[in-house]
């Protein structure tokens, strides 16, 4: 059982499709119920073609800034998930002086608050279980970028959180996996305010394919950090 | 003219006192009007003893999460400040699973949102002036720490912001100076939830003394990053 | 065609075996000719059992601190390699004050000089080809560690090199992939001076299995950085 | 008593002059005996003009890659120094593929090997004393730069060393102070292979003035990391 957040579009949606095609049961969540249903419908219809899928694919709308919504989401899992892939997030760009306070606050909520609150409840529930929690950030968590100051701030925050919580989880079976994808050609950019030619960007499906394959573990080890870049 | 935020206690208050003793005119701001008035009264009474102070020391209560409060603050400066020292911030600690959502959101507001909104308006107004903007963070912005995951997240966010905005300010006379103090023996800890013996910590006054001296510039250069540690 | 350095033991030897079993033609190199021959013999005998291997597995002793030895090695490839996996390196540990100057210089030579000289000649020859150059470092390249100061110095050097050369390779088809494995249970530790219980460490074969799988690329992207940890 | 390495030119020479003018007794060292003597002569003649200097200024040629030379240098101090300022180092630049193996090896020796061997012997002798060891690196230790790959490698190495040795020195009175100056207008560039207009660079004297002032400590704390940038 895999839980995927931010699954109504982009990398989350692409991962939902790939894992479902691979026979994994999923609960996918996102802010937009309609798009979430569409993602599920597409995956099931793809899976139907291959005719090999007996897995379940459930959807649940959620607001990860709301602790009650997170509780309800995890209650609905019905079991301890093997893997949680946290893709939820949003972008907002431009020189700092032209950014709007309301949009800045929303950016922080969507990227930082969500991740803190989700991780907090995952630890409360599953710390003693072998759960791989995959936190999808961005290469913007690793470097500073002009025109992306608040986005970098939000992503650096998540990285600081992940690295600190890793220290708190020492000795527990729960693991955090940090993922840093570079720019993908998704709707993310259309709504973010950035004006970019994304023709040479990876598609979300390419990034999802690489990420799914790179998420490996063995008896004594696991791939803990993955950066995926264009090129 | 120097603007100091977070001046109602701790490092901000200590800096206010030191700069005033040194004859610099100040506008100091903080969330708590009464404590702010007390800081000003102490500084003026100290300055009175030395008998050499002709500088002004004004106070203004502000909420740096509110863009209107920031605008009003900068309007009241009456001139372009030489230096802005942003000390405002708060702490909140503990293993992630026992932290409270409301306190987490307040921590992010007090440390991240304030800094973004203040820096945004400083750039709008003063980008073309020789203004040194000193952003006081913490060594928690440089490393991960167990028991401080959300605090590290907030401080890493500010660091990501500062490093990105520096790239946007290339070629402008406004400069960002990043300051990373280690733990000080201030009221910060009493209200933060951490249980620490702070007897060996620096006092706020020690840190302020070092910071004031280390904030130097020459014709072609300036001290851009300062870490102050215990020891 | 894959070139693997440091292939006479540890991760390099394990990778040689895995890639050969997978039908890839290899040139493997190392400082110790006898152990290199043994690695090749084992791989071929393993491959013989599966009966499916038509690939070639050649060995060449080399000293990567010597530019002539590197030239000779690359001359012997006979073609442009798809992939170069640079595993060569050695360890040396202990508090700094008890480390020996001669051993320190050798550590730097084995880890830093080798990588610089190899990378330099790879770029001279293959910069315009689609060659993936995989530089295997260590988690010691990402953090500071007491008792490993010179080893961290050497590994931080390689990381600084890789990140800088990436900037020089922008726009070229050659790609650098950075790999950071945590501690493995290999002979590395026996000869390094560290006194460790490696029972819970990954085996070299586990790390090689994960690394081989995580080295993925698609049309517009590739996994550029991989950290493999115990746990 | 202050020991300054790399004092025959640039920042080291400028610091020697400033500290001597301030009445501090010095032992200055460098590779070039003649230039070292010239630096001392200038400082003494400057000091003579102010007429207030009763301090001593001794010179000793040394090769910090040679442990015996380091031992002889520290033997000649005659006492435990308060401060050691390690400025020794050299530059070498250009795209990696055009760099020469011999010059690369010398670059590593001059920057990495020297620092490791000096720090090793300083710890052996003075770990239990209140000695401030100031390690002067470069902003190239903090970021990657195209055209400076081996220089960044060398400087990242020193940073990894310093951060690791700090962990080993926990609880000892000896302190490491890390200094990262940006580009200065010194002879360094003439001999480094870089082709730069240094008119807007800081002079060595500007950087020395800032560094000297920023090297502060109080009863419970000290400025541990200083970055000095152009601008």
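Each chain carries a letter (A, B, C and D) given by its place in the written order, and its residues are counted from 1.
Please note the rule applied: a residue touches a chain if its C-beta (ideal position, glycine included) is under 8 Å from a C-beta of that chain, and two chains touch if they have at least 3 such contacts.
These numbers were taken from a predicted model, which means no experiment stands behind them.
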item	value
Per Cα centroids, the chain farthest from chain D	A
Whole-Å separation of chain centres (CA-atom averages), chain C against chain D	34
Rounded Å distance between chain B and chain C, as computed from the means of their C-alpha atoms	46
Residues of chain C touching at least two other chains	none
Chain contact topology (line, ring, star, complete or other)	ring
Chain pairs that touch, as defined at the top of this document	A-B, A-C, B-D, C-D
Touch list for chain A against partner chain B, complex	67, 95-97, 99, 101, 104-105, 108, 112-113, 116-117, 119-120, 123-124, 127, 141, 144-150, 152-161, 163-168, 170
For the chain D and chain B complex, residues of the former touching the latter	175, 180, 182, 200-203, 206-207, 209-210, 213-214, 216-231
